[in-house]
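Have a look at these structures, which come just after this line.
You will see subunit A twice below: alongside subunit B first, and alongside subunit C after that.
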Partner chain A sequence: MASIALSRVTKSYGGQSVINGVDLDIHDGEFLTLVGPSGCGKSTTLRIIAGLETQTAGDVSIDGSLVNETRPSLRDLAMVFQSYALYPHLTVRQNLITPLRLRDLNFWERFPLLGHLVPSRRAKMAQIEKEVQLVSETLKIEPLLARKPGQLSGGQRQRVALGRAMVRNPAAFLMDEPLSNLDASLRVHMRAELSALHKKLKTTFVYVTHDQAEALTMSDRIAVMMDGDLLQLGSPEEVYQNPQDIRVAEFIGSPKMNILPGYCDELGNITCAGFSLDGTLEIPSPGPVSVGFRPEHLTLTEPNADQSLAGKLTYKENLGSDVFFHITQEGIEGSIIIRAQPLISTPQQPGDIIHCTPVPGKPLVFGPDGQRLDFKALAQSGTSS
Partner chain B sequence: MGRSKAHYWFVGPAILLMLLLLIAPVVVAAALSMTDYSLGNSGFNWIGWENYEKLFTRRSYSKMFTASLTYVLLVVPISVALGLGSALLISSLRIGGELYKAIFFLPVMATLLAMAIVWEFALNPIVGVVNDILRSGCDKSVIYGFLSGSWLGYDPLESWYGSACEKKFPLWLGDRKYALGTIAFIGIWQAFGFNMVLYLAGLTSVPRELYQAAQMDGADSAWERFKLVTWPMLGPTHVFVITISSIRSFQVFDTVEALTEGGPSKSTYVMIYAMFEKGVRQNLLGMGSAITIVFLIFVLILTLVQVYFVNRKVHY
Partner chain C sequence: MYIQTSWLGEFFKHSLLLAGAVVVLLPFYLMLSYSMKSPAEIETNTGGFFGAQQIMTDNRCVKVGNPEEDCLKRPIVYNYTAAFKEAPLVRYMLNGVFVTVSIFIIQVIIALPCAYALSKLRFWGRNVVFGMVIFCLLIPVHAIALPLYIMLAKVGLTNTYAALIVPWSISVFGIFLMRQFFMTVPDDLIDAARMDGMSEFSIVWQVMLPTAVPALLAFGIFSVVAHWNDYYWPRVVITGNKDLMTPPLGLRMFKSDMDGNEYGPMMAATTVIVLPLVIIFLLAQRRFIEGITMTGMK
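And then the complex of A and B:
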């Protein structure tokens, strides 16, 4: 178990900066997810923590001690790679033994053939076998021990890769998109298993993914990265409900948050898509703003309700548990998505004009620079109007 | 359903061409090897296994097998090891790798016959640059001391270099003791660049993540990572490189023809050269065919060994 801290870490490849000063404190025993779109520098950050890549500037420390100069193997971390990176010529058992063999046996005990003559080797190998046995029981891969990675399914390989990371009892696990090669249903299943494993091992997990659903379901905290910057760090609820940056708001949540252009007057009142929001900005910033509504924060209303947003239904997406209405409005590019319960949403057909109204207090307002602005809803009177 | 004969028309041309161009010559050679046929003669006699009997009893042919096998056993391991070593070094370079690749590959692209003439001049015992350089070291005490081993306290005259300085430097291609070694050296010089390129291609197909996994697992030294990742992952490349090198070494001909003509005293009398001498120069087609058939059997064995390894061991 370990805490990991990055302070002002930067990385550039030949003058091209890919990580611009990341500060990150990972607590002991937490499940932290680094999430962001492809190419934002997640893997690079993880590899810097692992020591496989050296940062251009900044410090990495593990459990309070600086590890900038420490070799990967001495950092006591284990990594699960996206491609699993199992040794294809070794059996599953040998794959699991390898990290222990390299750590516990000395040069002579590892020597091909002659190593078997070194007396101390036997006891150590017995110990190693025991640990491998234990891990393969935990992961239920005992029947696979004699096979080679080429003879395993994707999910089984994933388990073996996890096992190879687990045998050493590392201080923290680093995982780089370990589920992205699996099919959808297995991914959901492994999500639950990884969470359970984390609860059981109580070890620090640093998990990289570009899938915001994985991030939201498994993590204690989420770190959202974009273009080499760490934009927000917080619990899944906080990142979802309180995004501090418009890019975070758009990235987290599926379907995407609706962003509409709005206008703020001197008093902080905001108008957007033909109606005014029932609230004001704490600090008025007159000029154009962006207003974000999550699909579930828009509700369908009667045509003549005041303060409603009207648009033409272009597409009705029925997922069974939810129905998403895609509507377009003149002057707004893209479509606005509304989520509704299937029970109350039957009659509308594509082409119809649909009206909706935001759930009071839920709209998020962002300034022209993408930063979140403090929007206060008129909570007391909001419902009465 | 009517029986169509279309399938014969589809496979027919391919089978016909294969029979005509690949199988027939071998069958003809096999038949000829049982005769005493010479080109121009109107007839021939069936002499059964006589050619083969000669092949395995006469001294000049046992010299032929010795020369060919020695050549292969010298060239294959050394050129494969050098090819692997240089590929590893080049792939670890950050800059300049392309230059080294081009330089080492140069002998492969050059015509061996033209290069052989250059080597002939270089190795000339009197005016050749090789002996010139060696001779020039004799009166420089540092070089002399180092090469003759006298700096380690040995008697300089006991060593190869010391005694050569006293007497004379080898004739290389003209000396029975050195000729095959010299030919093999040229073969290695020529072949290792090719092996290097094959290994470089093999190295690029080793996933980088495997090295990183090895690093995380505690394979700290380059040697550990080589043992754990590089060597096993190059398995298919090893098999291919060794087979190709062996077959190419068995086929050595142009250097022998240009530099030694099989001599001195048949020390470089390799198989293809013998085939050429018997079958073409001396017009003993029967004998030449017998050597050809034995040669084909060698190559066939090598290929079967390769197929075995490809199927069994090295594919994961």
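And then the complex of A and C:
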């Protein structure tokens, strides 16, 4: 168990900056996810924590002690890799024993052949075997112990890789997209298992993924990274409902948030796509703004309703539990997506003009620089959150 | 996509391949055949592939003064026993095994860490060093043979095993081959080993070596075949001491020792010398495929 702190960490490769001063406090025992599109620097951040990369500037500390110069193996962290990185020539059992053997046995006890003659070895190996047994029981991989990684399925390899990290009982687990090589159903299953494992072990987990669904479902807190910057750090609910940056708003949530161009007048009233929002900006910033609506925050309405947004239905996506309407409106790039209950949705056909209104209090307003602006819904609407 | 081929084209292709095969295989056919025939059969070119295997008289045996009935032998037995009796063939072969195995082991000990550094470690000037490795591939042995010989002579190493082994201890080809293979090993595997607490040295021997078995076998075939068959370099550095001769050199000695027309024993000796290579190749070939299927990466 450990807390990990990054302070003003930067990393650049040959003048090209990939991480621009990240400050991050990871609490003891929390499940923190670093999420962002590929190339945003999240994996590099994880590798810097692990000690596999050296930061260009800044400090990394684990449990309050500075580890900038500490070798990866001495940081007491375990890492699970996307490609699992199991030793292909060793059996599962040997794969699990290796980290313990390297940590617990001294040079002479590890020495090939002659090591068996060192008297202290026997007791240590017995202890190691016991720990391997314990972990393989937890992960239910006992039947696989004699096999080699090549003979295992993706999911089984994933478990073994997890086991290899677990046997060391590390201060924290670092996971670099561990589920992305699994098929979709197994991935969903492993999500739940990883969460359960975290609850059981009560150890710090630092999890890297590009999949916002993984981030939302498993984490205590999410750190959204983009272009080498840490944009927002918060609980999944907070990041989803209260994104502080337009890039976070667009990245988190599927289907992604609808962003429409809007305009703010001197009083802070906002008009967007032909109707005005029922609220004002706390601090008016006259000029163009962007207004974001989550698909579930738009509701279908009758054509004659006032303050509605009209558009042509181009595509109806039926997922069974939900139906997504893709509509286009002249003057707006791309399509607007509306989420609706399947019962409501049946009559409309592609080509129809349909109308919708935003759920009051839900629209998010972003300034021209992408920063969130403080938008207050009118009190009389009664539904402001 | 199925391509319609004309039978004439096929015929032409196959006859060309067959002609090539004949050129390559005919010497081996003759070698095997002669090693089993009596001198008379070889001279008159009769007896087919195996020879008639009629009991023949060993002329030498008679000359030495043995009664003729003690000198009656089957040609195949006569050829192969003569091969081992007339020259210390076993000694030559043991020399060959010792030299080729030593060379291969030392080459691996040097090439693996080099290849690891060139493929997986980032350091200043890495590409320049790799460029030099590639450049060294272009230097023919014969160009540096004389300076090498003089150096060995100055330190008094000519006519020793060291003279046969030391000049080959660094194989740039081996470094190049292993480097190319290591490039395909995922970095994650090395990072995982580092997280587990392995030193860079242990990574080379405990992670890279086992994963590189198929590539090492390929390199082993090249190395062993080249040095087992090498005639040029042993001829240069082994000038007096017959005990140090490798099989190809020994074969030459053997030839000059024999009477002019004793082809049978000579071909028997040649067969014996070639045999280990063929066996090693067949064994390694199987292991080679096993090795590839064994590596469970990705």
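Throughout what follows, the second predicted complex is superposed on the first by the 379 of 385 C-alpha atoms of A that agree within 3 Å, B and C clash if a C-alpha of one lies under 4 Å from a C-alpha of the other, contacts with A are read in each partner's own complex, and residues count from 1 in each chain.
In the analysis below, contacts are C-beta pairs under 8 Å (C-beta built on N, C-alpha and C of every residue); 3 or more make two chains touch, one makes a residue touch a chain.
This is a predicted model, so every value here is computed, not measured.
With the two structures aligned on subunit A, subunit B clashes with subunit C.
In the superposed pair of complexes, A:140 makes contact with neither subunit B nor subunit C. By the touch criterion stated above, A:79 is placed in contact with subunit B and with subunit C alike.
By the touch criterion stated above, A:87 is placed in contact with subunit B and with subunit C alike.
When the two complexes are overlaid on their common chain A, residue A:376 makes contact with neither subunit B nor subunit C.
Look at A:130: by the touch rule set out above, it reaches neither subunit B nor subunit C.
Among the options 149-157, 275-283 or 293-301, the segment of subunit B that ends up inside subunit C in the superposed model is 293-301. Residues 47, 50, 52, 71-73, 77-79, 81-83, 85-90, 98-99, 102-103, 148-150, 164 of subunit A lie at the contact with subunit B in one complex and at the contact with subunit C in the other. Within the complex, the subunit B residues that touch subunit A are 207, 209-210, 212-213, 215-220, 224, 228-229, 232-233, 235, 316. Of all residues in subunit C, those touching subunit A in their complex are 186, 188-189, 191-198, 207, 210-211, 213, 293-298.
Chain contact summary for the complex, subunit A toward subunit C: residues 47, 50, 52, 71-74, 77-79, 81-90, 98-99, 102-103, 148-152, 164. Contacts from subunit A toward subunit B in the complex involve residues 47, 50, 52, 71-73, 77-79, 81-83, 85-90, 98-99, 102-103, 148-150, 164.
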